[in-house]
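Presented below is the structure to which this report refers.
Every chain is named by a letter (A, B, C and D) in the order it is written, and numbering of its residues begins at 1.
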Amino acid sequence: MQLGMVGLGRMGGNLVRRLMRAGIGCVVWDRDPAVVAALAAEGAEAATDLPDLVRRLAAPRAVWVMLPAGAATEDAVAQLGGLLSPGDVAIDGGNGMWKDAIRRAGLLREAGIDMLDIGTSGGVWGLARGYCLMIGGPAAPVERLDPVFKALAPGEEAAAPTPGRSAAADPRPPQGYVHCGANGAGHFTKMVHNAVEYGMMQAMAEGLELLRQQGSEAVAPELRLDLDVPDITEAWRRGSVVASWLLDLTAQALAADGELSGYSGRVGDSGEGRWAVQAAIEAAVPAPVLSAALYSRFRSRQEAPFADRSLSAMRNAFGGHLEPK
Amino acid sequence: MQLGMVGLGRMGGNLVRRLMRAGIGCVVWDRDPAVVAALAAEGAEAATDLPDLVRRLAAPRAVWVMLPAGAATEDAVAQLGGLLSPGDVAIDGGNGMWKDAIRRAGLLREAGIDMLDIGTSGGVWGLARGYCLMIGGPAAPVERLDPVFKALAPGEEAAAPTPGRSAAADPRPPQGYVHCGANGAGHFTKMVHNAVEYGMMQAMAEGLELLRQQGSEAVAPELRLDLDVPDITEAWRRGSVVASWLLDLTAQALAADGELSGYSGRVGDSGEGRWAVQAAIEAAVPAPVLSAALYSRFRSRQEAPFADRSLSAMRNAFGGHLEPK
Amino acid sequence: MQLGMVGLGRMGGNLVRRLMRAGIGCVVWDRDPAVVAALAAEGAEAATDLPDLVRRLAAPRAVWVMLPAGAATEDAVAQLGGLLSPGDVAIDGGNGMWKDAIRRAGLLREAGIDMLDIGTSGGVWGLARGYCLMIGGPAAPVERLDPVFKALAPGEEAAAPTPGRSAAADPRPPQGYVHCGANGAGHFTKMVHNAVEYGMMQAMAEGLELLRQQGSEAVAPELRLDLDVPDITEAWRRGSVVASWLLDLTAQALAADGELSGYSGRVGDSGEGRWAVQAAIEAAVPAPVLSAALYSRFRSRQEAPFADRSLSAMRNAFGGHLEPK
Amino acid sequence: MQLGMVGLGRMGGNLVRRLMRAGIGCVVWDRDPAVVAALAAEGAEAATDLPDLVRRLAAPRAVWVMLPAGAATEDAVAQLGGLLSPGDVAIDGGNGMWKDAIRRAGLLREAGIDMLDIGTSGGVWGLARGYCLMIGGPAAPVERLDPVFKALAPGEEAAAPTPGRSAAADPRPPQGYVHCGANGAGHFTKMVHNAVEYGMMQAMAEGLELLRQQGSEAVAPELRLDLDVPDITEAWRRGSVVASWLLDLTAQALAADGELSGYSGRVGDSGEGRWAVQAAIEAAVPAPVLSAALYSRFRSRQEAPFADRSLSAMRNAFGGHLEPK
């Protein structure tokens, strides 16, 4: 088994490392020669450019594009359309937009090339823990590349078996990867995953602020409670209903600094949370929590936005309340 | 007709002025002698303290307490319980909590004294436009004080008649005052009014920000639109579905300063928006808009809250995203 | 002055009537000959098809397309591209998507034809009250068609002048129409208008339910309040901060039936509320109220959605709570 | 070590079982003799009433009240105030309101009796997995009862150690129990825990509906995706950011019935989600996700609520849209 990897950032590089550990040969390329050299030193085969990478792979080839969503991925997949041969597979990785995946797969299909869109969760921990893979595309290449997915995924032992799951059910999901459906399904599922992640994070964040704020002067003295947020999150990790990997990470961050004073609170968002809410609206699905989580991030990056100044202006106009500058 | 007014701030003072214009005699008191003197110069009868105010009124008396909700109102109503006589009426004005009104009315009732809880909308414009009054309490004193309410209310000509409203219906609401029900009903209705006000304001504010932001660098150049928000709000005032007094005030504020640069955007809230959401929760009423409007105000007064820093910390922990300070 | 109108539904037909009352000649066409005949009987000039309509107009022509957003409008505007001459104007009316307006205007511009995108608010009341017009496109045709817009708009007397609005400011917005900006700006502004409308409606709806629910068994008997919602909304129309056209209509509906028992509560939505939230997300504008209003409508049309069944399933799984069927 | 348990429902009974397994003697009482007899058969000492239970315990006594929040708990704790002696401990268990705990503790303190308020998470799984305990009250009884808490908690091995947690930190939280602070702190923390739980559940539920709805007719055919929700949740359990106990349970429910057709979707709520949002409002903490989760549950139990009928009525009034019955 052999794979080409285009884009050797944090995600692409570690995917290659995990594949090599499983004995899968990787031909790698990145526009930054230094990262190519670094992976070559760890055992990967270095390519000098995309055509060279394709040349170095034996047919039927599989090339995984792990670049930022948008123009970079668009260009690389388009280029692969000209370089690959019928029977080869291009993988649209990264956090891409699912409608783009559907469109790109249609273009490659005309050239006889299969495309898979794969969403990958696991972040900086994936190298050690394995990656959860959400795969969209035709069944044949998904089956052919099964060893690749199996090597990347965490494996069954990463969680206890689900009671009641049928023995006849697909054996792949319990290992941490899933063939979600036709093209687009991989990125769509990853998009929903990330939106759920935003919502869970925001639920936790609101709870933590509520715990902490109860000790503040915003609360009447006789009701004030001085709560140890780091210890509480640590305790919740065992036996409680909110036990989760996000809680583990939260407890870890709070163990390092209970005040979280090193964080700005200007929270980024990466596209998928946005697309998910837009998709919910297109499908008429109420998504109040997914939206609220997104808006909290938007708001965290604003200062005195026009909306708030409008409210101040209205209050002043009808009630003579001039908000303090 | 005669009324005692306790508390001569912006609201109490103008209520007195509007009553005097209608020929209703007012005995007034405030802990600040200067405002008492000012209203006396305009024709009100000055009292030196609360007992004096009660003494100066002929039975059956009516005393309107127009003080800040909370301790000030609590004290004044309790004092009135000792000063008034059976058959007199105490009015719990201001933006009080409806459960307090129910409790206070129960205490006064034991002494044979009626209480009315009255919510008053109109702000700094009420003197000229009239006040919308929401009244809770027993029917008899509401009827006896009808001339007071009629004098304060805007009157029928303030809006076109409602097509289809029955000729047999209560003639008071079309004049701008309403006997909402038993004690508590006045403040409850005013509380809901204010929560609706918050929601409408927030709807408008979000729309204005969206109009404005579309001209900003957050939007791709080919979709950017430079919109004249003051002119748009002015046009919306006529013929559109969002025509409203709040829009009139918004257009006015934008006519004075299209950037609203004189406003801090730290938006206050006065109790009723909070109580309304809490009441909705007690009655299991979904109130997403009323809540969102309230939370936007809370958030407008925070900087880098713990919740947002928690999100930053989680993102850093799983994805290595360190948010910029 | 002369105008062609394509699409004679509720909106198109009444626009023509209002124009004819102002002495503006209208050439009309609709795929339903009956509605063409009806308007011809009222004084409009009937066309037999779109080419005929164009032929009957003197250059420089102006043709207003008032068809459902989407394919119908797309087709008609495209057809007009082939029928009109340089210097003519096509109007993309209806509740169209602003990005479509930008695209369509670009196509027509290549043929030397100007396009205006116009959002129109006023509903079934517009014939009598006038329409609020939000116009996007180049300045020259906007100026040339000023008599048309002036005839359709409510006029200055429809609302009191805005204090402080500069005498040097654009005289059109105080009449109820506004040149919002370049192509797309008209539909974008109308989209935001409708989203604000959704938000204001939802604020009102939540308030009304809260008033009503307080008299129900969901509330403890000692706190229960039996509130007369029709009378309260009637009183709010005068002097209160929530006075608005939507409140007028609400009071009217409640005067006809205080229980609103004739309404299903399955609330439709027409595209603009959705696009507005999607636009907010693209511009990173927090829009919690606009979204909540939209989701309430989505939810009103669902029964036992999968999301809720999932919650039931989770509760059963961890707590043994089996929700009653 | 010995403990009295009052209330032997699902929670109380299993707490006793887990304590007995650890060799802690339990004296038990419930108003239902059958459940008392059942636990006696498993080794507990049966009491005939509350005074008898107190008599059977050696001083200093500890009595855990595990009854429904509200009147049942109120009565039992009040009764214990008359039965216990200085130096004894009463435990206010169950999902009680934190302000009640503060008040009750104050009353018992006057009689020299300590009270602890303990929130317990773990549901029907707690017997096997252990319970997460959140404890409020004075330090001395918390320390004295440490063997009880240790026996009930899951223990350190239930989760991996938190990297970076100081060796000098409190050793109890890593075992799954935490002394949160003074009286009220236990129930307050449990209340926040449950609100976070609601938020996480709702995030997951919205995501699942979005996945499922994408295969429905609400979506344009060319974008429709038929996604296997059971397999996707199974895969997410390993390596993904949303891995959590709630996800484990969701996957389990979906393995049993991918349609979740056995669930009504009328989702209950138990008080803590409500109190948490009310507490957030009192402390001016924005809680959009916690609120949205609560409102979704409220809405799931309504049919054609007045709010939605109001929206329909308004739409009909201004636009002539009569929503289908």
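Note that a residue touches a chain if its C-beta (ideal position, glycine included) is under 8 Å from a C-beta of that chain, and two chains touch if they have at least 3 such contacts.
Since the structure is predicted, the reported quantities are computational estimates derived from the model, not experimental observations.
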Homomeric contact chain A-chain D: same or different residue positions, threshold half: same
Identity of the chain that, by mean CA position, is farthest from chain D: C
Computed distance of Cα centres, chain D from chain B, in Å: 38
CA centroid of chain B to CA centroid of chain C, Å: 31
Distance between the centres, which are taken as Cα means, of chain B and chain A, whole angstrom: 47
Numbers and ranges of chain D residues touching at least 2 other chains: 123, 202, 204, 206, 209, 213, 241, 245-246, 252, 282, 284-288, 292, 295-296, 299, 305, 307, 318
Topology of the chain contact graph, where touching chains are joined (line, ring, star, complete, other): complete
Residues on chain D engaged by chain B in the complex (per definition of touch): 241, 274, 277-278, 281-282, 284-288, 291-292, 294-296, 298-299, 301-302, 305, 307, 318
Chain B to chain A touching residues, read off their complex: 10, 123-125, 201-202, 204-206, 208-209, 212-213, 245-246, 249-250, 252-254, 260-261, 263-268, 288, 292, 296-297, 299-300, 304-321, 323-325
Residues of chain D that touch chain A when the two form their complex: 98-99, 102, 121-123, 126, 129-134, 136, 153-156, 158-160, 162-166, 169-170, 172-178, 180-182, 184-185, 188-189, 192-200, 202-204, 206-207, 209-211, 213-214, 216, 218-219, 222-223, 225-228, 230-232, 234-248, 251-252, 255-256, 276, 279-280, 282-290, 292-293, 295-296
